[in-house]
Amino acid sequence: MSLTDDQRAEIEAQRGHSQPTRRPTVPALEEMLYRAFPVLDHGFVRVIDYMGDDGAIVQAARVSYGRGTRRVSEDAGLIRYLMRHRHSTPFEMCEIKFHVKLPIFVARQWIRHRMANVNEYSARYSILDREFYLPAPEHLAAQSSVNRQGRGAVLDGAEAAEVLDLLRADAGRSYDHYLAMLNEDESGQRLNPSRQGLARELARMNLTLNTYTQWYWKVDLQNLLHFLSLRADAHAQYEIRVYAEAMMAVVKAWVPAAFQAFVDYRLGAVTLSAQMLATVRRMLAGEAATQPESGMSKREWSELMGYLDRNG
Amino acid sequence: MSLTDDQRAEIEAQRGHSQPTRRPTVPALEEMLYRAFPVLDHGFVRVIDYMGDDGAIVQAARVSYGRGTRRVSEDAGLIRYLMRHRHSTPFEMCEIKFHVKLPIFVARQWIRHRMANVNEYSARYSILDREFYLPAPEHLAAQSSVNRQGRGAVLDGAEAAEVLDLLRADAGRSYDHYLAMLNEDESGQRLNPSRQGLARELARMNLTLNTYTQWYWKVDLQNLLHFLSLRADAHAQYEIRVYAEAMMAVVKAWVPAAFQAFVDYRLGAVTLSAQMLATVRRMLAGEAATQPESGMSKREWSELMGYLDRNG
Amino acid sequence: MSLTDDQRAEIEAQRGHSQPTRRPTVPALEEMLYRAFPVLDHGFVRVIDYMGDDGAIVQAARVSYGRGTRRVSEDAGLIRYLMRHRHSTPFEMCEIKFHVKLPIFVARQWIRHRMANVNEYSARYSILDREFYLPAPEHLAAQSSVNRQGRGAVLDGAEAAEVLDLLRADAGRSYDHYLAMLNEDESGQRLNPSRQGLARELARMNLTLNTYTQWYWKVDLQNLLHFLSLRADAHAQYEIRVYAEAMMAVVKAWVPAAFQAFVDYRLGAVTLSAQMLATVRRMLAGEAATQPESGMSKREWSELMGYLDRNG
Amino acid sequence: MSLTDDQRAEIEAQRGHSQPTRRPTVPALEEMLYRAFPVLDHGFVRVIDYMGDDGAIVQAARVSYGRGTRRVSEDAGLIRYLMRHRHSTPFEMCEIKFHVKLPIFVARQWIRHRMANVNEYSARYSILDREFYLPAPEHLAAQSSVNRQGRGAVLDGAEAAEVLDLLRADAGRSYDHYLAMLNEDESGQRLNPSRQGLARELARMNLTLNTYTQWYWKVDLQNLLHFLSLRADAHAQYEIRVYAEAMMAVVKAWVPAAFQAFVDYRLGAVTLSAQMLATVRRMLAGEAATQPESGMSKREWSELMGYLDRNG
């Protein structure tokens, strides 16, 4: 992660301020506020603001005049009930705002989650920093042979080194030419007085997709959990999963009861199709159950065996 | 407005608490927090929580590491620029949560604004209070003769009195029968031990549309301003406009710079169609301009003359 | 269901027209087009328009230049894969538009599904018909004693008769007074020339919540399936479930492959929490499994036993 | 535009099919269906499907049982009224689906419009084509000196030539290295049997932002018009504006009455702030009006003078 001294000073200045509020606060999240949690080689996740806590979920579910909370165990029980039965609207009552620095190809996946508010750093207006994502060698993996959208084994050393050289050289050269076309240096200083300089909205097209961008991203808890259930999943691309994992730690500090319910009823849960359920019943009744007569494809069958810790 | 003593005590208890936070706070809005601002005969608007301030708009527009604010006048200028040019995403960075008590027929209009989060008091689960909206005599108006969805003159005394009697009697009787069908009193106490009592999800259908309901309503500033531009407008039905007006006072306290920009560029602004603009140009050039040759309908022409403070 | 002769004629006229199109068409759905399928005592569901078919889901998943479809079995396999892995965006490529007549209290539940387009008949502008929902005796149920938002046993005959009398009388009287306050009859004819007549936007508040309203409701397939998964569920209120069931038949005719995948992977599926899954594994391994040591509440335990067809 | 022969054949095959439908059809749009309208050097816009027409807007506004349409002039009048008074929901009743090929940096702007459905060609799953956007010389403009997010004068010949050389070389080299890292050719054929080949989800990060992608984009008319009002505007970046212009022609063929209302009340309209309106009134009254006493900034004043065809 590469914050400038000015950026660090701005962050520390904000952390130094404190004022009284009548709103609910979450001390564990206050402690995290504004800090940059590093992700990948130059990225980060920072919590900028938040609204609500576990109590706000309970309060909305009960539509109460005060906090609406009772004993901690009763509140947690209600939150678990709401999560289990997919009563989603009370979770929408909590809101959080992040500042995220991330490679453009990750941003393109991320933005597909439409139910959020976004303000991205504008490369029409400003010059992007000279920062691009270069995977660590252990993440330079080959195409998976079984899953057309996944990764397989790590590349061997020589091939990995060549790949890294290409990524580094192409991103660097494209960035240098970006500045050359702009006729500006990174700080916006004009380079050659006899040149006009290409418009920023055009020059940016020369950058590679591993260039870092940044944005403010604001989302309610319900939609954040949906995002995390997809992006903290083992099938998500590693480069977005690490952002999801950084945000998981934030959610755990912010709304511990909702987080635990999420882990039990979403992350650690499995959905059994009608056919899978029928098969499990048959197995429990001591009957033989085989893929061909189950109505499932081989792939589904092996998914089920995986859930049940069996070899198909 | 009819809060019970318990409800008042819950509200006061919440107002009495204060804790330190690193988040931006708005003292003028803190002062309002949790208080019930009366609307209509039994309704209210209460601010329950908020996130962000004028500075958050500026911060998002600049995607900065700290607060992003500069001099107050510069920030206000940027906010005015964003409002004027309909750069809406920075305004989405502020969020507010209201608790609202309102008649069901108003709730039905309100809910058409989809970009908000809602938790409504459930009449499947709980018993509604014996409260219904009865208009003050000065709001008992006749159907407008010029606008098929508006009001005209106030009803004369005798007709108004009859109308009020009908409204009061029908709402009261329907409510009493609602309890009778439930076989419960307002507090949920069973009435006649020999009766089963109709399910709540069914009995509610006997209530009239002026019965009060309540909900938590959470919305971002951009969507709130859109709501206010439609519902604080002179063409909005009076019974929803008064809620919009109560919320206008809240927005003014919360984000004064955004509020002023909203007043200047939305509420007090007019949109001139291509034909209207051509007519204004002609008038400024000293040329004659008449409705028939303007390309406008009579209605549009008279709208334009209204904007220009002229008699058509 | 109570269509007027004029309405029937309009519907038949539309069904009589046919024109050529290059768009994909679904003959089974064309056959249903515009027809009113009765629901409850006066309600209906009509399909007014549609866009896309099973092939459109496949086409979008493959981002192809033509139809993108291959063999029927391959396409169905892809659709099942997308449904199973919650790849939701290809299902958003199909769109359908309904005309629905429904009681207001049902409309209030329905509208909570925000991801749809709605145009409701305006009672600010027009006069509502004299139609209200009166449950058939077998649907007049008592409050459930085990589920605070459900129904229990059917009311016995005498109590049911009294309830029906109250519902009928109150709805009728409120409607008659609605017209009296309007000083109009159902067709908009002025009644008493010496009275002004209350504005429509006000008089409507005297109606009871079982009064019928109607709307055009347009939604994409993904959001429709989400609606159906909640509202065709056994826990949904009967009065909205019957609308969901009418729409299920439409979806089956429209996109048969997507419908079957929905039945297998959503409607007939169950979600096992982390604790439930651990318990099932233990049972399959022949180990004892009891509620107290399972980490589940009694309620969750009995849900699991229900899934597995066991008595807890 | 570069369609392969296979793609052309697929398109022609679809255009060749015709079947009867009871749905409303728009012959002028049927004529356009599936055809690729070229945009930029390799991009295009194709209409894939549509639902509704001008009549559907009228039908929804009237919530009618049949088509709801009357005389053409009456319908157009109602549509103009709806557009003028921002009654947006009837316009949501029409839906259209496009297939678009566009550079990634344009796609990143476009996707910010959240109220649409998108399926993008997956570079996690497939190999992108060797196509990148290279501006025509007349669009290679310098950064604007007055507008920080706009373009100024066209670059002079020598500088333009250098810029084009850099853009072409960097995009080509990055693409070639993308294939080299994949160890595949454009058709997915393995190149060097002794190499593993980098995973597609990783290799794509080496591509430059002018590489073409493609997607299916489905949107309702209301949101499409909002998109067009922002992106067909003179302040929009040229590279997205040309897509908006291609879609304008489609909308004109599809819903001619709504299109004309859009041109008159949106595209050709201006919004006067409270201060601008006060100034126009003063000018019409023959009073002197100057910027300093107007309450407007210099920039706003000059905008107003621009609207009025005056030199400030």
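Here are some notes:
Each chain gets a letter, A, B, C and D, in the order it is written, and its residues are counted from 1.
Throughout what follows, a residue touches a chain if its C-beta (ideal position, glycine included) is under 8 Å from a C-beta of that chain, and two chains touch if they have at least 3 such contacts.
Note that the coordinates shown come from a computational prediction; the quantities given were computed from them, not determined experimentally.
Traced through touching neighbours, the fewest hops from chain B to chain C number 1.
The chains that touch chain B as well as chain D are A, C. Two chain pairs, A-B and A-C, are weighed by contacting C-beta pairs, with A-B ahead.
Taking the mean of the C-alpha atoms as each chain's centre, chain A and chain D sit 29 Å apart. Rounded to whole angstrom units, the spacing between the C-alpha centres of chain A and chain C is 34. Annotation for chain B: residues 89, 112, 118, 122 touch two or more other chains.
Residues of chain B that touch chain C in their complex: 103-105, 107-108, 111-112, 114-115, 118, 122, 124-125, 133, 135, 139-144, 148-153, 155-156, 159, 163, 166-167, 170-171, 173-174, 177, 180-182, 195-202, 204-210, 237. Interface residues of chain C, counted against chain A in their complex, comprise 77, 80, 84, 86, 89, 112, 230, 263-265, 267-277, 280-281, 283-284, 297, 300, 307-310. Across the complex, chain D is touched by residues 3, 6-7, 10-11, 13-15, 17-25, 30, 33-34, 48-52, 56, 59-61, 63-67, 89-90, 92-93, 95, 97, 99, 117-122, 214-216, 218, 220 of chain C.
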